[in-house]
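So that you can tell them apart, the chains are marked A, B, C and D in the order they are listed, and the count of residues begins at 1 in each.
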Amino acid sequence: MNDLMERLQRDFGVDDITVRKPALTTFRVKKDSAETLIRELRDREGYTHLNFMTCIDYIEDGIFTLVYMLHNYDKKLSLGVHVDISRENEDMVSIHTLWAQAWTYQRELREMYGINFPGSPRLEEDFCLEGWDDIPPMRREFDTKEFSEQRFGHREGRHSEEPRDHMKVELYPNRGGDEK
Amino acid sequence: MKLPFGRTTSSPISTGHSASLDFAQPEPVDLASGKYVKLWQGPQHPGITGNMSLELTLDGDTIIDCKTHVGYLHRGFEKLMERRSFIQNFTVVCRIAVPEPTFNEYLYSHAVEEISGIEIPERATWLRTMNLEMMRLASFLMWIGGQGGAFGQYTVANWTLAYRDYVLDLFEEMTGARIYHMYIVPGGVRAGLPDGFEGRAREIMDGAEKLLDQIERVMFNNTVFKARSKGLAIIPPEMIDPYGIVGPNARACGVKRDLRKDEPYLAYDQLDFDIVTGTDSDAYERAYLRLQETRQCISLIRQCLDRMPMDGAFQADMPNVLHWKVPAGETYVKAECTRGEYGYYMVTDGSELVRRVHVRGPSYTHAIAVMERLAVGNNIADIAGMMVSLHTYPPEIER
Amino acid sequence: MKNSLNTDDTLENSGLTEEEQLLFSNARPRAYEPYPIKAVEDFANWARANSLWILAFGTGCGAIELRPLMTARFDANRFGVAGRPTPRQSSVFIIGGYASVKTLKRIIRSYEQMQGPKFVICLGICPINGGMYFDSYNTINQFDQYIPVDLYATGCMPRPEALVASIMALQKKIKAGECDGANRYVENFDWYKANQKKVIKNWDMPDYNW
Amino acid sequence: MIFDSMNEWLSKAGYFSLTLLIVTIYGLFVGALIERIIAKVQGRIGIPYSQPFINILKNFFKRTAISHGIMFYLGPVFRIAGGIGTLAFIPVIYGNEMFSNFSTAGDLFLVIYFMFFGQLGMALGAGESGHPYSAIGIARGLSQMTAYEVPFALAVISIVIQYDTLSLTEIVAAQQGGWQNWTVITNWVATLAAMLALLGMTGYSPFDIFLAPQEIPIGPPTEFHSAYLSLLQTNRALFGATKLILFMNLFFGGATGWGELMIKTFLIYMVAIIVGVAFPRFRVDQAIRFFFKIPTLIGVMSIIYAQMLLTA
């Protein structure tokens, strides 16, 4: 594993290498070399299985982190390839030529985050949502509760408690819900 | 057979590891010519597993193009989980995959435990293992019924679905619920076994074994069932890796991969079982492999009952859940569900809410990429059987 | 329009293109008139109550408990309940829990294709007020805003016993002639349509398709 | 004109209406019974005996708001005309003037013609509905019909050779005088071919390919609803029973009373059911291949066998 990481550091300039657990290592790579790196890992290093690809929205840093989880069946090791892209310039190299299911993931990411994958087939088709007219829902700035209240409404009489406040009242009734 | 889309029906996929996948856009079909029919199979269709649909283009009875449409069950779980606390999430996750909620519960709990470094007691490990195996048994029983039903053999469907109910009774006894158990919580399980559970469980396992023998006679030795399923939807070995095929679908063509054996979790390293593999990789082989795995489940549940410590703590000491903050971290945990690798990817940032959860269901690739590939060139009559044979559950695709 | 059935009060069908407008009728739905003789109507209601054909459309997780209901353990066939794969022939629509917006569109289409009198049973809490998904951006919260509901069976999931009980309750209601969901739909048609169109943004189907 | 007077014709018609009623009710009842037997195999209790009647009533009371054109309405009418026509030329009870219908006026070929008239009419009606599953169902149903026709027609020809007549009454008459005279004993080859064809005719598994809920839900009747559906259901019971009566007349010595008729037809039906509960469904090409192989071969053999019987 260390040899591989050293080689990747040398050839692709990966950084932020973290061993999360013995079977899972994550590292970060630049957007430009991501596709080459993933192809290299698949063809040369035996990381033939794409577990999934997904995206994390770091709105505070203004970036999307794309995560490609690759798995090596022989060594029983997983690699999490992180690629940072800007939230504004939402373009990413498509890997639909590497795995048959990749374009589905890219279609989902396109719909849920608005990331564009030029060249990926059937990218514009609806995946889960139909006739969506708001900002992509998985972005952090999208408030699902507010959207739901405004679009679907709530029936009168629905009563919900913030669990912490509720439990405080339940647990410490004598002190008026004061924990201390 | 030559098809208008430049695809051929019988030639195996030409994808090696170095070759790229062929994504040539098919020529548009002239529907106005009257030669082809566009047909929507689903979502309101009894032959579709769950709530999804297939957009089929037919030339006579032969399918020349298939597109899977999902999203009818999309509830936005990943978004909902980002705005619920860790303990609130545990009630939500089981609803992701309706027929197999337990795997979601286990993987979510496991991911949280792994990031926050909680060790669960040994008894909880065994209880979890048994719970997962019982879920697998119930799910496989439903699947066998579904495969029989998809080919019109309702007798088998009635038998297995009725028997699955007895397994659900066991769940009810163990967890208090039939479908959504919410049994496996972060830190352990919610309860131990009730009195007399072991005896009743063994009785039901004996019955299940008898039922499986009957089903093997009625369904698997049936000429018509063989005629329908042999040679149907063959997955060639070269397709396994590029399409990300996992679980019984991959094992049926001789790929010896099973997470329970390869990367043992819970108590699986102490249990005695072998990976079942097949050779033919058609619908019949997959069905037979699943029948054998169902038998294996019964044996595993018995082993769990034999070796399980019957007393001791079933839950680790947990922090006050109202103040529970999970340290920053990232992990990917996976387990072998009935359809293959089920995984939870979790990223936390040290707050009370989870940063990101991604749920990886095996149907994601089986129902879309694989189904679209295999359907082409087949008869429309076989679509239902083929779909059940791939064992897809739509809710885990769209979540 | 030539395809309206001799009425001036027609629907817009604005979601359709010019050619498609000619393919669909734009007449308004009509309410179900009971038979003038009460005995005949009671007899008809008795027959309806004892032969409930459920549309085979598993719209949500509730579908998982319909299988035990229809198979050997609970065997709803005893009560005259049967599954029917086509909306034209079925009279009961069981909404299996939450409905996502995409499914709601299909539910509306299937419901409108069903021939009256038709009844709707909602399973679970989700159709009542959103239940577990009250804050989800893709599931509706109050099902009766879009389709009239005759009966709710709550729980998550409602057990098959609860389903049997709700079928019995529905039978009782039908026999008493109180199941008028389909008529409410017709009477408040514009209200229902407005609600539906508020949620379904890509309305590309006729307003009421027969 | 074979009737001597209008009066005789009228009384014939009255008796026929009675027969029609009895056969329809019997068909509905036996349908429920069969459902219950299937349910028993599946571990269920099954529908109440009254269920088929209630279903028909309910469908009759259902509203209709669909128009698919005139042929769509005529489909079920053709279908039931086919059913009634088939029954009209079959002697239901042998030797009973009341229940032998118009069998003196028509022969075996007319009966067989009526059997397919209904199917073709239904095909036209269902085709008019415009539903793609209906079209696929019709294609399947008609091709399967063509396939099971072959062994059935061969078996019928064999019987015609054997008894040297086309009249059903005479065929039944030739089988009287004890079970050893029944065609099933005297010409068992033809019976075997016809019973195999019966599997296809009754439309239970493995030959329920034209309904096939998991594949083309539910084939030709997809768009039929309310009163049209109740016509179809009535016809299903009537036509089902009629086919069984025809089989009974051809191969099992006919019946001299209603009790005998019911027992015999039920037992013939059971053959299809025993196969039906145990088998999954064929694909349409497999079903056609099945009928063109062994049943057709047996059918050909039955003709040779009948010739041998004559020469022997």
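What to note about this one:
Keep in mind that, in the parts below, contacts are C-beta pairs under 8 Å (C-beta built on N, C-alpha and C of every residue); 3 or more make two chains touch, one makes a residue touch a chain.
Since the model is a prediction, treat every value here as computed from it, not as a measurement.
Listed by label, the chains touching chain A and chain B alike are C.
Farthest chain from chain B, judged by C-alpha centroids: D.
Here the CA centre of chain A is 38 Å from the CA centre of chain C.
Look at where the CA atoms of chain B average out and do the same for chain C: the two points lie 31 Å apart. Taking each chain's centre as the average of its CA atoms, chain A and chain D sit 62 Å apart. Chain B and chain D have centres, each the mean of its CA atoms, that are 44 Å apart. Residue positions of chain C with contacts to 2 or more other chains are 56, 71-72, 85, 102, 135-139. In chain A, the positions touching at least two other chains are 128-130, 137, 142, 144-145. Multi-chain contact residues of chain D (touching two or more other chains) are listed as 42-44, 213, 217. Note for the complex: chain C touches chain D at residues 29-30, 32, 43-44, 47-48, 50-51, 56, 71-72, 75, 77-78, 80, 82, 85-86, 88-89, 91, 115-117, 210. Chain B meets chain D in the complex at residues 37, 39, 45-47, 61, 148-155, 158-159, 162, 218-219, 222, 224-225, 227-228, 379-385.
Listing the residues of chain C that touch chain B in their complex gives 55-61, 63-65, 67-68, 71-73, 83, 85, 87, 98, 100, 102-103, 106, 110, 132-133, 135-139, 156-157, 159. Remark: chain D residues 41-44, 132-133, 135-136, 139, 205-206, 208-209, 212-217, 277-286 touch chain B in the complex. The residues of chain B lying in touch with chain A in their complex are 15, 17-18, 20-21, 23, 25, 70-71, 74, 76, 78-80, 82-83, 85, 87-88, 114, 241-244, 246, 257, 262-263, 322, 329-332, 334, 341, 343, 345, 347, 355-356, 358, 360, 364-365, 368-370, 373, 398.
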